[in-house]
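Questions regarding the structure given below will be posed in turn.
Labels run A, B, C and D following the written order; every chain starts at residue 1.
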Amino acid sequence: MIKFLFKGLLRDKSRSRLPIIVVAVGVMLTVFLHAYIVGFMGDTIETNARFSTGHVKVMTRAYSDNMQQIPNDLAITGISSLLEDLDREFPGFEWTPRIQFGGLVDAPDESGETKSQGPAMGFGMDLLSESSGEAERLNLQKSLVRGKLPGSPGEILLSETFSRKLKVNPGERVTLISSTMLGGMAIHNFTISGTLFFGQEALDRGTIIADIEDVRMALDMEDATGEILGFFLDGFYNDDLALSEADRFNATFGSVSDEFAPVMKSLSRQGGMGTYVNLAKGWSTYISLIFIFAMSLVLWNAGLLGGLRRYGEVGIRLAMGEEKGHVYRSMIIESVMIGIIGSVFGTILGLSFAWLVQEYGINISGMMQGSAMLMPEAIRARITPPDFYIGFLPGIAATVIGTMLSGIGIYKRQTARLFKELEA
Amino acid sequence: MKLAIKLAFRNLIGAGLRTWLNVIVLSFSFVIIIWLKGVMSGWDQQAKTDMTNWEIGGGQYWHESYDPYDPFTFSDSHSPIPGEFTGEIEKGDMEPYLIAQGTIYPQGRIQSIMIKGINPNQSIFMLPAHKLDTSMTDAIPSIIGSLMAKNLKAGIGDRVTIQWRDNQGTFDAAEILITDIFTVSVPAVDQGQVYIPLDRLQSMMGLEGEATILTYRNSESPVVDVPGWTHKPKEILTAQVDEMIKMKTTGQSVLYAVLLLLAMLAIFDTQVLSIFRRQKEIGTYVALGYTRRQVVGLFTVEGAMYAVFAALLSAAYGLPFLAWQAKAGWTMPVDASDFGMAIAQTLYPVYSAGLVVSTVLLVLLVTTVVSYWPSRRIAKMNPTEALRGKIQ
Amino acid sequence: MKTILIPILSTCLLISATAQDANEILKRVERNMSSDNRIFESSMIIHGNRASRTITSRTYAVGDKQSFTEYLSPAREQGTKMLKLENQLWIYSPSTDRTIQISGHMLRQSVMGSDLSYEDMMDDRKITEIYDSEVTGTEPVDGRNTWILDLTAKVTDVAYHKRKMWIDTERYVPLREELFAKSGQLLKRTSLSEVKQIEGRWFPMKVIYKDMLKQGDGTEFVITSVKFNQSIPDYIFSKAALKQ
Amino acid sequence: MENSQIIRIENLVKRFPMGKGEFTALNGIKLSLGQGEFAGLIGPSGSGKTTLLNIIGSLDVPSEGSVTVLGRSIGALSTGEAARLRKENLGFIFQSYNLFAVHTVYENIEFPLLLLKYPATERKRMVTDALEWVGLTDKIKSKPPQLSGGECQRVAIARAMVKKPSLVLADEPTANLDAANSHNILKTMVNLNRELKTSFLFATHDDKVISYLRRKIFLLDGRVDNDIIISN
């Protein structure tokens, strides 16, 4: 029976082609929209992750309790072995240490005395090692206003606004005054390699970025770091996985009693990001559901129309002595097949488009002024597991329900008049 | 054209149920497109709405030395509230803030804070300032945000010591009693902020009658030039958010396009089917003296008319719905168990007249194109075969 | 560490009592501890979150307006110098060969992670100029009898509105001091001990300074040697000396 | 004008592509028709009568030869001119009526007048007239699915006649009707032919129709096999 219907579908293009195309397009739109919304909503999350929270972050327990203060006296020590452990036990992440620190940047006059100074917020990150993706992660190259990225030890980036305030230029020397990990006075010279535009006033005010080794030297943090950021290898935040990996880490490495024992916190457990993660999850689910509802309506309508359209054929079959139930069932089986074939095609197409938009993004930098670090260059879709099945709901269910409804007419059709009406 | 419209209208009305099925589906698409777009803009505007409701009101006057990014300026950024504003303040249409830098000592830890003096009777901000209006305690009543509370590991009813230096630089310290904790999505209102009654802070600081920021309610308020104060209109205060919104809006256009495609799929399907089903009719039109191109026009108009009907139908139930949504907002409960409290976010869809009009026009345009596209087949039809319904 | 020394010395040495009893007592304290100039070496032990650090330094001071401190250890701090002239402060760091002025709000920052701020060492007004004092009782401290002096600010621009000092009744050396907020909240406590006789004066060689609102063991300040009335060349108190 | 020719066909050949070759549906037709005739193309299925009717109706074009209808050469007409010819001068009646199912009887009949841009009052009068001719005044608001076959065909006749065309082309108009209805319809047409002087050309193999014809043109394999004019 199914084989017979299937052959019919394949051979009678008018019966199969349009419905399958419609279902496939509908499913494609659904899958694509879901992936896009998830990516779009997740964008703020990713910006935060890249800039401050990572997808997960490893700190000492005490540091995590006081994260707001960036207390480097509570930094993690012995990180080379910890990083080895992380790489071995948690290979799903790319691990990178960062040090945040506060301090004062002081620019000298000709005699080496203070010409200007200002409070600075600093980031130490791996800028110099070959394998580090930090510069790309933060889009430093694009955000560069003057000069270049640090290429050798002792170089530092200043926010453009800050450099203007201090009246310093790339190539000149500035001195950082800060505290060492142990609280001592840290004074260290840097050469400005370039200046950056972040696009956010708080950061543009007084941000400095230097290679983490330099910062370690300056702050006396040998083999230590404030935080270790972990990024999922696919580059996208996955809250459930982040939470479970953090739990796994904390069960292995954590210690309740030692405030310097490392703890891992997912992005959603840092600062206000939890709210955002939840809201983004919630809203993208809601919006997708509503879209699926709308799409179901369209496909249901398509199924209904498709069924109505075939009343003539049904009439002939009934005339030939086929039972109503049989006709009805065969129409439904047909619609299931159409739904499946359309959904499979649609899902494949939707995933392909989503993949393209995930890989290459939709470039919006042209529409934005300047290239601020915190503004994404491109909006990207993001394929998540639901994308593999989400399209089947409107694709199959709606199509089949539409056909079922229109097929009810087969039972109700008692008079030739109704027949004629539908045929008209 | 007039005839085509007339005929298309008759054809659609005549087709009855089938037309209405399509129109209903399309009108749903309409409403959903506008609503979803509104929700998305609302989501983006949320930051701005929250900022307005919690932080900046309709705009502000800043003391000329005030620099929010440099807490060291706080000790110098205050002066008596200008007399020009007395009326507005009495009416409650302007609220003064006094801001001081301080330190808080939760469980022996130390943390820098901004102490904000706020009028407990204010109605410009959504802050639960009325909770400050209590004489039941010897400690200073204060409200803080949930992030701050989490940070302090403190809850309602807890006492924490704060320290500050008054106008003259003299150290002072006292206990605050947390009388309420609020949840807000504007970090600047939450993190590192402690709110206490304005008069308390003024007397603590020795700055009776002085303020750092004056926030007014209506962004349309006339701008007054007051020496020593800098006017910060809303556009400037939200410039950064606006930039972000611009980016998001750009990103949404894709979404918008996908939604449009959804509507078009419905039209396309209908159109292809009806062309297939109505061959004889097409043949008859030709026999009665229509050229095939005129028939293409008729079918195109018919398709486009679905959009017109749908727009009308949408207006009937959609406008009230959209208006109600914009007013009541859409509240989504969010599981935020890590905060130890349930939070809900109410999102107010934002739709401009431009959005509605452009959506209607765009749908109309695209519907027309989508209706035309399959109808082109008619132009290639052999009318004698069409008359016999022979075309597959 | 010299930073710590200054407020303590100012507390102890700069006396002009107003209340009669208190006045007399503070005068005796001044005679006991003040000098035109002094050179001392000290260790500052800072109890941090992770470890305690000891920093040693040598300080040259003339009156209360000028001081010059050179850090001797640990290695990281060695050679760092700090110069205070009136209300200006410079730090010289040999590793960077930079002389950096500390000014404005930077002065409120903690010095070397201690419980003291730069500002604490900058206030060089005489205590009797800014406080009214009064003996309010007696109390034994560490086995020695003391008078309790209550000091209340008579000017407004002062960091601590009220102070309380415990003065050894025999040796005229303060053994304890407490600093209060306007509200009366105890903010900081200084404990002075190991009182030794040096060049005929009684002098507390150890000071523990503690922020009472904050957890921790406070900052310990130990004078390992002190000499009074030395001849200190003027060039010491110049920016040029920082670089030497 | 009584006897003026409205159709003149010379050497008409019509071929259709079929498979790889061609099928010759009409092969050298020579025929003319005068004003006011009541004629029929008679022949079995496949004899080419519908093809000929369609060409005369400017729905199709000749492969060879010339077909002149009301002075216009069918093969040379642009689509617009052809449509104008149909719109202004021709009426069609089909075997399966081809009414607009979603439109009322009135609207169906009104349609050609709309195309001709008659003013509303005129249209109303003309439609009412046409309804009277076919005797369907009481069904004015009905829709085709609610009508019987005979009624449908009468609506179709009214639609074809309402604009008073010079020529009505009727393709097997009675094929879906019972005998009584068929006679009814034919009588109606005969009357209209008399009253309005409209020429009728049928394509049929129905004896009932044939019995009413005043000229019988027999087609066989794409040729005119016989052409019989019945006088009075």
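Observations, loosely collected:
Please note the rule applied: a contact is a pair of C-beta atoms (placed from the backbone, for glycine too) under 8 Å apart; a residue touches a chain by one contact, two chains touch by 3 or more.
Keep in mind it's a predicted model, so treat the numbers as computed, not measured.
Interface comparison, A-C versus A-B: the pair with the greater number of contacting C-beta pairs is A-B.
Averaging Cα atoms per chain gives one point for each, and the point farthest from that of chain C is the centre of D. Measuring from the averaged C-alpha position of chain B to that of chain C gives a distance of 57 Å.
For this pair, chain A with chain B, the centres built from the Cα atoms lie 22 Å apart. With centres taken as mean Cα positions, chain D sits 65 Å from chain B. Multi-chain contact residues of chain D, defined as those touching 2 or more other chains: 101-102.
For chain B, residues that reach two or more other chains under the stated contact definition are 72, 109. Here chain A touches chain B in the complex through residues 13-14, 18, 22, 25-26, 29, 32-33, 36-37, 40, 43, 66, 68-69, 119, 199-202, 205, 268-269, 271-272, 274-276, 278-279, 282-283, 286-287, 290-291, 294-295, 297-298, 301-302, 304-306, 308-309, 357, 362, 364, 367-369, 372, 375-376, 379, going by the rule given at the top.
Interface residues of chain A facing chain C in the complex, by the touch rule stated above, are 62, 71, 73-74, 104, 106, 108, 112-114, 117, 175, 177, 179-185, 187-189, 220, 260. Of all residues in chain D, only 50-51, 54, 57, 59-60, 79-80, 82-88, 90, 92, 94, 96, 98, 100-103, 107, 111-112, 114-115, 117, 143, 159 touch chain B in the complex they form. Note for the complex: chain B touches chain D at residues 3, 6-7, 10-11, 13-16, 280-281, 283-284, 286-294, 382-384, 387.
Interface of chain B with chain A (complex): residues 18, 21-22, 25, 28-29, 32, 36, 39-40, 43, 69-70, 72, 109, 111-112, 147, 151, 183, 185, 187, 190-192, 240, 243-244, 246-248, 250-252, 254-255, 258-259, 261-263, 265-266, 268-270, 272-273, 276-277, 332, 334-336, 338-339, 343, 345, 347, 392.
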